[in-house]
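When the chains are written out, they are named A, B and C in that same order, and each has its own residue count from 1.
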Amino acid sequence: MTADYLRIAGVTKQYPTGGGVDDVDLTLPRGEMLVLLGPSGCGKTTLLRVLAGLLRPDAGRVHLDGADLTDVPTHRRNISMVFQTWALFPTMSVRDNVAFGLRMRRVPRAERHRRVDEALALVGLDEFAGRKPRQLSGGQQQRVALARAIVTRPTVMLLDEPLSSLDHRIRVQLRGQLKRLQRELGLTGVYVTHDHTEALALGDRIAVMDAGRVVETGTPIDVFSRPRHRYTAEFLGLANVIPVTPEGRECRTAFGDVIEAGAPAGGDGPVVAVALRPDAIRMVESADAAGGHPGVVTAVEFQPGGVLHEVRLRDGTSVQVVAVPGEGLPVGAPVALSFEWKKAVPLVD
Amino acid sequence: MTLTAATRPEGRAAPPGDGSARGGWLLSAPLLLFTAFMFVYPAVSVIRTSLAESNALDAGGFTLRHYVDFFSDELYVKALTNTLSIAVLTVLVTGVLGLVYAYQLTMRPGLRQLQLALLLTPLLVNGVVRIFGLQLGLISVDDLLGRLGLTDSPLGLNYSFTGIVIALVMFQFPFMAMAIYASLSRLDTSLVEAAQTLGANRFSVLLRVVFPLAVPGLVAGGVLTFAAAAGTFIVPAMMGGGRVNTVPQMIYTSVSQSQLWATASAFAVILVVVLVIPIMLGSHFGNRSTAGGR
Amino acid sequence: MAATVDTRRRPRRQRQKVSVFTLMMTILLLLPLVVVAFASLNPDPYLLFPPEGFSLRWFGDALAYPSFRTSLTLSLRIALIVVVVGLLITVPAAVALTRGTGRVRRTIQLATATPLVTPDILLALGLLIMLSQLALANSVLGLVLGHVLVGLPIAIQVLVAGLAGVDPNLEHAAATLGASKIRAFLTVTLPSILPAIGSAAVFLFIFSFDNVSISLFLSAPGQTTLPITLFQYLENNADPTVAAMSTILVVVGIAAALVLGRLGGLGQLAGGAGRRRR
């Protein structure tokens, strides 16, 4: 079943000091990139290492391309891994680094050379083949690590926050290159990160994790514009998360508005909050609170897309409102807010 | 000695030894077996032999006679006091010199690498050779002192109690200096300057800021120096000229010349027991002061 | 740890000032070595410092002198065996110490720390008693084992320091690329720690070559190691010949220091190793 090219079933790995993962189920079709997204300590790296075979799970199985790999030692799984610290072998040249996996698989010399050259060309490092890792920049080392990981044609490629120690500009560049390579070569991959822009750019499927569990999975569009869980919305920080109390088929906010929001598809429980993007709130400068809920501007931040205002309503709720550049209001200005509840996304716990 | 996994923002790297506990024991087996055989077993043999009935090598039995003999013989007790006073003096002298050295090196780090390298180099040269060189040097010093009329003894420093201490200081100084220097590495001119702005004069600064920082190193260095100075044979043998008797020397002569195994073993045990007390005291105080420090 | 003295705010000429006291102390400690070297150059067969002339004949004599010669050969032989045996024991143990579980680590640390804090004399005596009872007392084997024991702590320390600098992910990366644990270690980690292994080897060699206390007790009367031979010689006479032999040993020591300087192990001598057996 192509949908289950990679299947993680009930994997649990606990540490005596805390952390780890608890009963994780995930599937991934062939040729797609799964991104494990979450903050430090949520268990994403643990999960990745279980996939790599560097950790043995307390419970659960890992299946790849139909085979149960749970008991197979790392060096016999046909996977490859790119590490955050790149883990290039310092005493070997770039070429030898990339060739390492092929040597371990006893690929004959001529073919080995050919494939290494191919891989280096793909990442644009052919001229650096003879250098040692310490002579390369961070971005270049990362590309070597990538070349080393793809040259063996692995069943699945695992990446552990490989871009987090690089400059922003290089990061964006490499991100694009990585995505292109993955698509062109049809590689299946699992990518771990805490950066949601990376997740959005790289993932065909995203799994949001918290404290050892998968909170929700979906395509980037699903997760980013229609999250189903409060945690997801809060972690991504792209929209206001406004707590509500359900009242029959409707929900009431703390400051009195009533929203007609059905439960999100899947019905995992009552709606506890709604997500509303900053551009779905109208803000008018108003001293007498006519035309909306009264509030005060408490912070202003200029951003490329507009001016972001933080407004505090009378009942204490704080929301973010974005205004067109040029229409910003100063801190302390009294305003009235009206909400386009139609655009609100219901969230469960 | 810790595992230095690359720092990751994620909680932790894979804990070391996951699944390889057995491998760890296997790898360390040669070392552990070796130590058990070459250290534990001999240590036990010494204790057993010291309690043996007779002075023959394989004698059995259980008696405390040899220990009693030790304390009832004036010569032996004198040797013990010699040994201890040599050790204490050595610790004091190296402590003071090491303190000044470490402080100076911290405050004026010019040519630091070179100086440290030069400081440690003699440690790689044979001890007998170093003492020989010291003796040659001291002959000239004695000569000088004699001509200046400061001493009338023809043998001078070379075959004396003082000579022994000098040689031991020479041997132990690098270790003491490095131990204190390591402690003082936490010193920062800003600490000194802060104290000065608060009204401390130079002496106060030394006493209240610098010295407390140096204490852990002093204690650690002191403990090791004490043990080394008390347990050395070659230094009193060469520098004492037969006029100063120490416990290690007695151990050697009772074994090599007289084959008195039990007696020698008793001496050794007594020495260890006497050493253990200051060592434990020192470690205890050392821990206390590092706990209070930074 | 480098001293974190903030020298930026000092006037330029005061920066990096050299302490006279420290220089003097360092030189003072080196003087005995210099004295011995110079004493070996005196043309006449008695010791004079400063020497009255310049002659290298004593070096030839020293190397030709039968007991020096045999002792030198013996010491070298033993030292080389000690290096091999020592490395075979310490390299795996250092790996276990760096990668092993807590209990393994603590046991190894205990095993290396206790011989270190024990006075020479107890160790030597104990070894002598044990080996005598096993009829191994005056053998080369006994000496080798004893020398390995005194060299272990610092060899382990150097190796652990070297291993600590190796990213553990390297072996993981090698595993993902298809290398079994052993292959990963041999192809990836071992080349990275060659300098540390070199330093450990030098330490094992020099601690064996220079050793006095263990050799004193465990050498057979006619078959003493070089330091003991020198000691016995010096008990009766002192002449340029022995000075020459001593100078050769000084040179060996300095050579070892230079090699360690290049390999990066010199600092380990006093940082934690604490005490050396003479």
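In this section, a contact is a pair of C-beta atoms (placed from the backbone, for glycine too) under 8 Å apart; a residue touches a chain by one contact, two chains touch by 3 or more.
No experiment lies behind these values; they were computed from the predicted model shown.
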Taking mean C-alpha coords per chain and comparing to the overall C-alpha mean, nearest is chain C
More contacting C-beta pairs: A-C or B-C? The answer is B-C
CA centroids of subunit A and subunit B: separation to the nearest Å works out as 57
Between the Cα centroids of subunit A and subunit C the separation in whole angstrom comes to 54
Taking each chain's mean CA coordinate, subunit B and subunit C are separated, in whole Å, by 17
In subunit B, the residues touching two or more other chains are 6, 14
Residue numbers in subunit C touching two or more further chains are 167, 169, 172, 181
Where subunit A touches two or more other chains simultaneously, the residues are 54, 85
The subunit C residues in contact with subunit B across the complex are 1-7, 9, 16-19, 21-23, 25-26, 29-36, 39, 47, 49, 88-90, 92-93, 95-105, 107-109, 111-112, 114-115, 117-123, 125-130, 132-133, 145-146, 148-149, 152, 156-157, 160, 164-165, 167-169, 172, 181, 206, 209-210, 212-213, 216-217, 226-227, 230-231, 234, 238, 242-243, 246, 249-250, 252-254, 256-257, 260-261, 266-267, 269-271, 274-276, 278
Per the touch rule above, subunit A residues touching subunit C in the complex are 52-54, 73-77, 79-81, 83, 85, 87-91, 100-101, 104-105, 148, 152, 158
Subunit B residues touching subunit C in their complex are 1-6, 13-14, 16-17, 20-21, 23-28, 30-32, 34-35, 38-39, 41-43, 45-46, 49, 57-58, 97, 100-101, 104-112, 115-137, 139-140, 170-171, 173-175, 177-179, 181-182, 184-190, 220, 224, 227-228, 230-235, 237-238, 247-248, 251-252, 255-256, 261, 264-265, 268-269, 271-272, 275, 279
The answer for subunit C against subunit A in the complex is residues 167, 169-170, 172-181, 183-184, 187-188, 191-192
